[in-house]
């Protein structure tokens, strides 16, 4: 198959070049360094209202419990409600705050993905970070501040270093 | 995979031994030497009537023409009816007369396979061999005589002797 | 008509209410269809076999790679597909054996098994058309490839104690044609399989459910489907299929028992009815031989004047369709492209002219000529005989 | 309920009038179903995936050989199967490239192609059950194998001019989860494929129609389905899937980007819910490794005290399910049978205990322990942890 690549022309002349404007429409990802964060900002109080309206039905009141699992670290983990994944909440298992923004914007609410405005996503992000005890109630989340939030779980994440061979790891 | 076979036990103890009586029910084939031919006999005249009733609709009146192709060598091959495979009839292309019996018994009539009695099959075989000019009108076809019929095409059949390699043959 | 976009049974309820246009507009904005017990084919894809009264042909021009989806495997049968109850099914082996025996389907499955990816081809697999408007499916769509799984016939031969004097066996189906073929016992000892599975699951009804004979590399008809009986013998039975049919005129003789499928290749892209554009084209196709592995495939883009090596896509398996590819820059000139295979015995796929000259016949079974595709200045692709 | 024996659409008219019992009685006495445009599955065979809200599992215990029928390929998705119009579909490649470009499906198909038979496995592929009543499908049915065909991602990388400084790329799907994963660029240059075909035909909707990323040997989730966008970057994106999910606790750490699937094997016969009889049993199963080829599979029939070499069924392909078989005479004693694979890097599949000790965790992603089958005196087969 190497031989094939060697015979390849410089270009096959297929596909089309796309403009930055076109790219912008699809380019919704956010990196830990903040690349990709849109304008806008939000605080926990605004997010709390939104959360109660759009999220609590699946993720529980205050982010604890709910059929789709907790999002918030809970000290009442022994409560009888179906609190799936209480040990793996944003507060205990998420290494980057930017991921909260990125994921909510692309995938939530589950039944209406892609329906939130950037402003709403900032608000919900602020709410969930605050509820998890990561930021203060008044802290404003925006393209500047969000990448600077240090998450509790961050230091526990390591990259796989296995290379095959006999070792069980 | 050889290694497997070496480790095989003498028997796997699967399957069941069957009696000759059971075998007889399925063992319907007929070999060129007559092995497998059942008791019974037939002549062309009887077969002619049967043929008209059960076969002519598909293979044409007298075995020529018909939607499923001629069975009888025809001197009127240029007739306008759809005479498919006129060049490959029983008279010109079949090397063994026993095959006529075997095939009709197992597969014809096409819409009611397996419905003919052995007697009927002998009669139809006699009719088709006679119509193709291979046997006389009065010749009786039975387990003795049928294997002795020498077919015109017999000498033209050769076994494939190709073994691979560059030759185009 | 609106395209049906509901893709799994369990998803029907979910999606039925949503108008199609809305749905296709932005699939990221609406939950999709939940997981199902059986996957589906996209409603935008409709690969179909081409049927006649007695056969259906694999749409080679629509396929990629070497596995044929089981529901697109070609069919050739002589009085339809029978329905057979696997619970009462038995395979009888008798004749020149120590112990005539019957094996149930579950017996067959309990024996040591074997699996191989292998083509199956009908020996009647060639057609042409004067106006060139003929697709690979119609030219030679009576070939398909599956992974076949079953018990080696040799394992059953040991079990029943086949006589050393047995030289042929009769294989008989339980279809309405009660299909029968005589097969040399040597093939039974060598690599014949009683196959009960195909591409992972039970053999499909059209391919012989619940069990069939499978003779690697040999003409499809001899791999008797819906197998009910094997009789060991010291002579061939001269059934109608191996005398009146599946024999071919060669000069003044009729050639019989020409079991092995000769090497063949065909370019499946570009091919009629595709229309190509100027620029780089990856010529793709399949090549195979009943005599072993494909050694090489050559492609000509100048009507057979010069030939170049095509790339063979691994795995290159014994008696198996092998995928080949050749990168070509088409500058828009009228030309003919074609492929020819060489198998590991050194056999080189002949032209139509070479074949008809060698046999003194212009068709019949086991006809495997090089097929050419004429390409017009407008990119139209038409079949051309060689 | 009467079994439906009508087996092809076109045959319905033919057979509908015949009472079933009559039909099955002697299939040689009545014409069968004529050829059809699409083949059928026998009405006696009902292999099904086992579904949950977010997945469906391949019925490994019902299958033979190495190819998974496409409609039995496991599913795992995060918000359902989207419906995508192949006519408007485009794959965008941008970020650290010379020329951001979009490729239509027909563009992708026109590039040089590549094909390989390869497993795809979800990294969450392990479950156990205390009472032992759990079939291979439920234990590790989140693995399947297909022939995948597409264009090498490296070919597209050359076309857009990927910057030498790019180290990661984001792959994004157009499902309702807008699934995203970060993948090292080196994998893109090495063997990543943008696949548009599976087992001969277009990829099925459940597997990413019309095109998906395919990363040979890597955890299924990273092979993003319904791929719409690739962004080249100099850092990973740390998406939710590669942080909150698809990471596993290892002692006091969370292991991330553990892409490669460790070697695993499982005996698929005999396995719960089968019941065996005394005598010869062919132990069968599949073994594979994301790190290369299967080197050997060993089988123990005495609860792990001694191990014997199983036979590997060719072809033994790179990063592919490999079928193994071991012939065993069961004399009726209570015992445990199990298999363990060694891959070509020398990695030997661990026991459950070894794994939990090494990781300090009793589950999580990438959990590939040896699974044992306890066999009772009555022939009952139950799962046992190792």
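What to note about this one:
Think of it as A, B, C and D in the order they're written, each chain with its own count starting at 1.
By definition in this document, a residue touches a chain if its C-beta (ideal position, glycine included) is under 8 Å from a C-beta of that chain, and two chains touch if they have at least 3 such contacts.
Worth saying up front: this structure is predicted, and the values here are computed from it rather than measured.
Shared contact partners of chain A and chain B, listed by label, are C, D. Look at where the CA atoms of chain B average out and do the same for chain D: the two points lie 50 Å apart. A straight line joining the Cα centres of chain C and chain D is 26 Å long. Separating the centre of chain B from that of chain C, both taken as means of CA atoms, is a distance of 28 Å.
Among the residues of chain A, those in touch with two or more other chains are 1, 4, 8, 12, 14, 106, 110, 113-114.
Of all residues in chain C, those touching 2 or more other chains are 28-31, 79, 110-112, 114, 176, 178, 280, 325, 327, listed in ascending order.
Chain pairs that touch one another are A-C, A-D, B-C, B-D, C-D. Against chain D, the residues of chain C that register as touching in their complex are 5, 7-8, 10-11, 14-15, 23-24, 27-45, 47-56, 62-73, 75-77, 79-88, 110-115, 117, 146-147, 149, 174-176, 178, 197, 199-202, 204-207, 209-210, 226, 280-282, 284, 313-315, 317, 323, 325, 327.
Residue ranges on chain B touching chain D, taken from their complex, read 1, 3-4, 7-9, 12-14, 106, 110-115. Those residues of chain B whose C-beta lies close enough to touch chain C in the complex are 1, 4-5, 8, 11-12, 14-18, 20, 22-23, 26-33, 88, 90, 93-96, 98-99, 102-103, 106-107, 110, 113-114, 153, 156-160, 162-169. Only residues 26, 28-31, 279-280, 311, 325, 327, 329 of chain D touch chain B when the two sit together in their complex. Of all the residues in chain C, the ones that touch chain B in their complex are 78-79, 92, 94, 99-104, 107, 110-112, 114, 154-155, 158-159, 170, 172, 176-178, 180, 228-229, 231, 233, 235, 237-240, 243-244, 247, 250, 252-260, 291-292, 343, 345-348, 350, 354-355, 358-359.
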